[in-house]
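First chain written, first letter: the chains are A, B, C and D, and each begins at residue 1.
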Amino acid sequence: MAIRTVVWGENVHEQHNRIVASLYPDGMHQCIADALNADPDISATTATLQDPEHGLTQERLAETDVLVWWGHAAHGDVADDVVERVCNAVWSGMGMMFLHSAHFSKPFKRLMGSPCNLTWREAGERERLWVTSRNHPITRGLPDSFELEMEEMYGEPFGVPEPLETVFISWFQGGDVFRSGLTYKRGAGNVFYFRPGHETYPTYHDANVHTVLKNGVRWAFNPMARVKDPNEAPNVPVEAAPEKIEERGPKLHAEGEEGFR
Amino acid sequence: MAIRTVVWGENVHEQHNRIVASLYPDGMHQCIADALNADPDISATTATLQDPEHGLTQERLAETDVLVWWGHAAHGDVADDVVERVCNAVWSGMGMMFLHSAHFSKPFKRLMGSPCNLTWREAGERERLWVTSRNHPITRGLPDSFELEMEEMYGEPFGVPEPLETVFISWFQGGDVFRSGLTYKRGAGNVFYFRPGHETYPTYHDANVHTVLKNGVRWAFNPMARVKDPNEAPNVPVEAAPEKIEERGPKLHAEGEEGFR
Amino acid sequence: MAIRTVVWGENVHEQHNRIVASLYPDGMHQCIADALNADPDISATTATLQDPEHGLTQERLAETDVLVWWGHAAHGDVADDVVERVCNAVWSGMGMMFLHSAHFSKPFKRLMGSPCNLTWREAGERERLWVTSRNHPITRGLPDSFELEMEEMYGEPFGVPEPLETVFISWFQGGDVFRSGLTYKRGAGNVFYFRPGHETYPTYHDANVHTVLKNGVRWAFNPMARVKDPNEAPNVPVEAAPEKIEERGPKLHAEGEEGFR
Amino acid sequence: MAIRTVVWGENVHEQHNRIVASLYPDGMHQCIADALNADPDISATTATLQDPEHGLTQERLAETDVLVWWGHAAHGDVADDVVERVCNAVWSGMGMMFLHSAHFSKPFKRLMGSPCNLTWREAGERERLWVTSRNHPITRGLPDSFELEMEEMYGEPFGVPEPLETVFISWFQGGDVFRSGLTYKRGAGNVFYFRPGHETYPTYHDANVHTVLKNGVRWAFNPMARVKDPNEAPNVPVEAAPEKIEERGPKLHAEGEEGFR
């Protein structure tokens, strides 16, 4: 079965900005989904901020293998309960890929536990992404580096935790660098951040970017069954201890009692 | 100057449970602070849930080098704005040490970005902590392992991100194991989680635990000046780019405009 | 195509010790290969110390996707040029799984860059392995913990670098713990260390161990083309620089010259 | 007591190349040692390839807190037994800082367990180092970025293991990037790699580089007592097990016997 992927787009610039609308007439999310659907092993649909529950109901997340997120102008409009629902899905095993300005999205900040800030400049400068982890699955089919002729600059220091692996580092014409491909695990879920994708440039029409997107979905996908309750903290009864022990000493909790949260 | 340390205790069990009150007549927080103050390089005071703003005003956090946190029964009573203030202090460079049941405290969960769950059993069983990172500063003065005759069991899987380093792993009499000493960095701040410290046992009177507490504070302490605004994401003007570039291409933002959050 | 796997066994105890011979009449390597071949996606053959070039010619390594290594009594007899050949294969992308006493094998020590030492005790004690990374591919099909009724103890501190991920931690009856499943990347190659497998016990007949072995091979396998020369350090000519620059300043090297090693 | 630091230089270019000799009339090693000695907490001396045992006797290493290494043209002339001695010192707790072309030195390759290769170009281009880990001790006193007007380019992919932390990333005028500051731990020893320092440029006269060198020595220094034998793998007798167990099952080793290596 194909990897069930949902591309979430906030779908705001496309509605209000002529440049973005002309680059992505069906929305950035649809362009990304189309790129993913070119891979027979991926089955991508879309969801947007404007959909009821932002298109991310409990039921839909339960049937989503990988969620892709692009947001920018309307981070604050994403409902907190949907954010918590998305994080719980990640913790239970759903893969997640954050794109570009999603560095400041609520779910990314929630999953990183850090400011996720950076420096930036919108000047149409050249970006060159270098592979830093040889033969990493996310780099499959790519040369050692590739260019995007016009992109927004994101610069270090990038306020994220040290990743499991740094996969890409970007060079910018204006003199900055950025860790543009970073992998994480949160609970049972794989998380990938990929930098490029400013809305006023044709980044999501680029063939190398398509390759990364497809590889990213494949990497983030975990075929194992979801963890049923990723927040469960079970009180193991004394008689169920793997090794026989006898209870002793003072106690605060009654047998089988729930813990505090 | 000594390391200015604040030991935060929720101070609830001490008020309601005779066993805890007799073990820690001045409160667990005071016992921990006393242990730290035995080190001439540390100057520890206390703060509790019941204090105005939980004793953690902006002013006090600004003068705190390391914050130590013990909470359990009243995680939910900690005000969200204080949690955000604490996280901002960490991101700007304040060190932080989380003890035992603080694994489910709001600031720890916020900083980890993961469920922070585990299995547990309150049976007064023996715990033995093994050092897994040789000569790590937090292990200074300790043997390769040390025992606590009675402790609550915490068991894997522990729902936290892969740490920078695993410093201690615990063996439990009932057959479980736990990663009991874990280091992280969030923003500019060092974070250390240390497992032992159940309220009904005399753990915070143990000499080896005292050693870890003192080492932990020293490790978490960063003498560098705090980052002024740890969430800042400055728009770098084109003329301030390190390398001379000329602006080109379509733009969404006006020069010097604030970015979206 | 199935994952081409070679199980390397030193095949010494099987020839000299009746217990080992009776547990593994066809050799430990054959037992492991049989377990792997039960998976239709894996095609495992064997090689031993006694084979010419230890069965690991350049040609064979070039056609090996994953190499599994078990050694103990004869680490010193492994030829240094074969060790270098194996490491080069890993660096170019071959996966590698080290089992039990292979912690002191030449290729493992070479790839880790550290002492790889530990404490040990051969007393037939009970070992229980706990999963510490939820839904890690290597844990697929396993419960949160599983037991081996009799095993040799390996204890911390284990002299290896901090891994990419800690996947298993062992509890031992005698009071010790050990990081029993560790993942690394070296060059383009994935490396997995798995602790159990003492020669006088029936560990490689255990169903859960079989599951780990099969998962480990799948995890270590990288379908991408091998890096042609994993040690290449090319001098990039000035005119081939991605951005146009002009050479300036004093030089030590002539254009296109090889670097020093 | 000051941090006892030895700066090891191969001292070859200084003897054969007029440019290098004029930039570093007392040798690169002496220039680096002088920079370190400007810090009252550091006491630096030098050693060179030409000294007996390359100046690194067992006795001297035992009294060295941090070893700094610069080599290039004569990596192959470093005696293997000195390399092993140096690695053993690191594993026992000596700090070590590798500079620039020492990426291909024997001890660095030995400690990394990987190819340590990269791409390079000697064109006097501009390098700008960006801090990627906020308030890391090695960055103390530095701005977010600093420039070296002329340096040799080193480019990704850099064939090293994922570090504990990435501290600096370099931008190069010719379009390349490089992870220029990387931290590792090997055994009990802290290891720092710092990229800049090509022999034909005045890099070791730069004030920001001096700051990094001093910070690097302080970071790598571990005041704890050295591990006596960093390769020891003790057989723990059954009666010395932390928990009382009874020996059972078949055995290969006699009680107290040494293990195989």
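Here is the rule we go by: a contact is a pair of C-beta atoms (placed from the backbone, for glycine too) under 8 Å apart; a residue touches a chain by one contact, two chains touch by 3 or more.
Note that this is a predicted model, so its numbers are computed, not measured.
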Self-contact between copies subunit C and subunit D, residue sets same or different by half: same
Chain pair showing more contacts of the two, B-D and A-D: A-D
Whole-Å separation of chain centres (CA-atom averages), subunit B against subunit D: 31
Where subunit C and subunit D are represented by their mean Cα positions, the distance between them in whole Å: 27
Centre-to-centre distance between subunit D and subunit A (centres being mean Cα positions), rounded to whole Å: 36
Subunit B residues counted as touching two or more neighbouring chains: 128, 133-134, 155, 159, 162, 164-165, 171, 173, 175-176, 185, 187, 230, 242-243
In the complex, subunit B residues that touch subunit C: 128, 130-134, 144, 155-159, 162, 164-166, 169-172, 175-177, 179
Touching residues on subunit B, where the partner in the complex is subunit A: 13, 17, 19-20, 72-76, 87, 91, 101, 104, 110-115, 117-125, 150, 153, 155, 159, 161-162, 164, 173-176, 184-187, 198-201, 230-238, 241-243, 245-253, 259-261
Subunit C contact footprint on subunit A (complex, rising order): 93, 128, 133-135, 137, 140, 145, 147, 164-165, 171, 173, 185, 187-189, 222-224, 227, 242-243
